[in-house]
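Shared between the two complexes below is chain A, which has chain B as its partner in the first and chain C in the second.
For the complex of A and B:
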């Protein structure tokens, strides 16, 4: 059972790599190198702040685009091209297929993030010529970005299990935007009354709270991240992704593959 | 023992924007396929053949009914390890090579790790794919992809193999090879379920056939039985090119090919025809009853269905 999930995950990873997804790393490296050189020339004293902000935001956006654009086609493309027929006619359970696809995409994003992180640290070294202890905080910000990716992967997979790639992309991206303002939504819910309050509170807790994962600003200012937040975000991301993935499995288990 | 037992499988789809209308793709289907036979599942396009196969593979869920494969519930994963399936016009992960694809399928089918490479190589050879190392499937022709499809269906040495239009995209040589392969599978004791609309393939290969039309089963039987009904005519072939006066008197149409002559006459005139050939000192080559072809049986079943539907309307 675990072996089948691993084989599906590994095939998904290989597909992403051969689809030249990781070529975006070259674009990322060029962008960061150019930015580091430019920042080194025009900024005084804040080069490091700008490079960290720019670098981590780029890691997050590049990963988001990859997660959504691969994730939305993971199931629907397999149905459309009928590659799924020769997989599900074997002793493969439908949930194994979904979970395998999730781990394959998550693995692609982790590898992608690892290489982009090397780019961020290289650009940082270029502008500051040394590393200090506070730079380790960048790793926490990267960890939070990876946790965000897990949630986005599961959402893209959920939408892909019942919708077309285009609609899935719209849904996933909309949820990312709404989730980035989840704290504001919660604040609004607290101020509203009656049915609106009930509705806003429900929506605020249903959408993924991506704002809690964004520590790029504080990391750039070398402000420490509370250990409690690390635990909270880890448990939240794993729980949220597991719930969404269960939803995807539930839908896919009952879907007719016409 | 029955290798496949279909127990009233039925499929109705909900169609339209609000899914309020229904469309019946398959009426309750009852069918049994014996172990070790090549069973033909025949029907025109859109008859319900692919729906039946999708139901058996667990790709779509039945509205009612069930099935048993190798005497176990058909959706049991252990049963799936014993079956092979070639979908119609198969499409594979085109970023993989044929070796990588088959290795992936071998992993999913539970082929032991130490056997995989040998099995993949042997299966590719068996379906006639050579010198394809390092070539991604996106560069394969339609016929080559069909061979890959057949390879993935038999790779894990299944006991029952389902083929949906396996000759599609193959050249005459390829079709011949696939026919031979199916015969080999039969001799190895495997059950072959062949869904096709090419009747000559079915007639040449199958032990028994079922005919399906508009989602309904129209007839089942052994090919030999279905084609054995003598129409009261015999075919006479002799060495010519002379045509005896008796034959001319019968008004039978004689076809001369090289130095042989062929004609069809009424069965009750066959003795007189043979006597006439003897008198003229012509050598009789063959005297065979005219049998109904599978095609004639198929057309008759379909026409009967259309007529019945017309009467009911």
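For the complex of A and C:
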């Protein structure tokens, strides 16, 4: 079982890294990190701050785009090309296919983030001429960005398991936007009464909460990130991705592929 | 093949020509509208709405707004504008998006409070901005200094200034001069030495070019004010002694036992008018001076290079 999942994951990874769009996006993100140097020069007194803010935002946004655009085609493309039938005609369970796809995409994103992070650190070194201990906090922000990607990957995969690529992209991006407002949604639930309160509270806990993952601002100001937050976010991302993947497996298991 | 090459050449020529024409047209349009509407427009004025719309990337948005605030002030100041209506809102948005961006508060203290043409003339908003900064960065002594600075320089409220310096002096690792300033306010609030101390501290503790240039201009103006005051007293003494006004600055210097005619910070000798008034040679070089200016003179906002 483990070997089959690993095999699908490695194939997904290989297929993803062959995609030319991926390289364009990575190149663009690295370019943006480099451009942060220029932008930093016109931002009086906050050159380093701009490099960190712009660099990490580029990593996060481009990673998000990569996660969505590759994730949405993972299942539907296989159905369209009819390669899914070849895979499933072998002793591969449907859930193994979904889980393998998830790990393949997650691996792709981790590797992408690694390369984009090199761009950010190179830009930072160019501006500061040295690294200080506080710069290690950027690694925490990057780790949180990767955790965000895990959730986005699972969502893209969920939508890809029952919807067209276009609709999957719309759904996944919408959930990212809603997830950024999750804390407002919870605030709204706190002010509402009766059934609306239940509904809003349910929705607030159901959508992914991305705000806790965003520590770019505090890291840029060299403020430490609590170890407890790192643990909480790690567990939350793992549980949430597991929940969404389970949903994707459930849908895919019952989907009529004929 | 030949036909395709011809098409390519024509298309390339068209592309270049159109590019040059559009750039030229844009430049011409810019000349027609020197004060473009973009300069005075703030599409979204609510910091909270912007924070929501940033989808969590508020740090980057704050950097963009900070850059915009500096460019807005720099551009309008350079063009000798007399109003800076967007400066306070831009800085408020910047600091709401990133409450730890200390440089934005410092900029606000220096340029939101002073009256036009040297600032936006909104000391109340400057104070609100500083209090917001202190609330979010309560261990940063510079913000207490900036708050006291606004009370001292713009509102001349020495009691409040003293309170702000005193609050700042209790912050861990606060600069020792805050305690000194708090005490100084009580006894010598309006004198030249206190003002000089304040502007020197502003100059030394800031990296921002505009803030440093502004402090430098005030230090130059303070020297002029003090020199003119002393020379004017010398003129009065001369009159009391001789019953007439000195015929020239040289005669005055001679009577006071000075080695020569006193020079202003630009090494120009002060001039003495037939009415016995001491004036600087080039008033435009001292936009913040309050003495030694010709009657009815209106100062032009202008910064000199720091090397002077």
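The rule is simple: the second predicted complex is superposed on the first by the 243 of 258 C-alpha atoms of A that agree within 3 Å, B and C clash if a C-alpha of one lies under 4 Å from a C-alpha of the other, contacts with A are read in each partner's own complex, and residues count from 1 in each chain.
Keep this in mind: a contact is a pair of C-beta atoms (placed from the backbone, for glycine too) under 8 Å apart; a residue touches a chain by one contact, two chains touch by 3 or more.
Note that this is a predicted model, so its numbers are computed, not measured.
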Chain A as common anchor, with chain B and chain C clashing or fitting: fit
Touched partner set for A:24, first chain B, second chain C, both or neither: neither
Partner chain in contact with A:54 - chain B first, chain C second, else both or neither: second
Chain B versus chain C as contact partner of A:201, first or second or both or neither: neither
Touched partner set for A:81, first chain B, second chain C, both or neither: first
Superposed arrangement, angle subtended at the Cα centre of chain A by chain B and chain C, nearest 10 degrees: 150
A:46 touches, of chain B and chain C: first, second, both or neither? second
Touching partner for A:180 - first (chain B), second (chain C), both, neither: second
Touched partner set for A:33, first chain B, second chain C, both or neither: neither
Minimal inter-chain CA distance - chain C and chain B, angstrom: 27
On chain A, positions contacted by chain B and by chain C: none
Contacting residues of chain A [partner chain B, same complex]: 3-4, 7-8, 11, 14-15, 18-19, 81-93, 254, 256-258
Touch list for chain A against partner chain C, complex: 39, 42-46, 49-50, 53-54, 57, 60-61, 176-177, 180-181, 184, 210-211, 214, 216-218, 220-221, 223
Residue ranges of chain B touching chain A (in the complex, touch as defined): 13, 54, 57-61, 77-78, 80-81, 83, 85, 87, 89-93, 95-96, 100, 104-105, 107-110, 149, 152, 156
Contact footprint of chain A on chain C as seen in their complex: 52, 55-60, 62-63, 66-67, 70-71, 98, 100-101, 103, 207-210
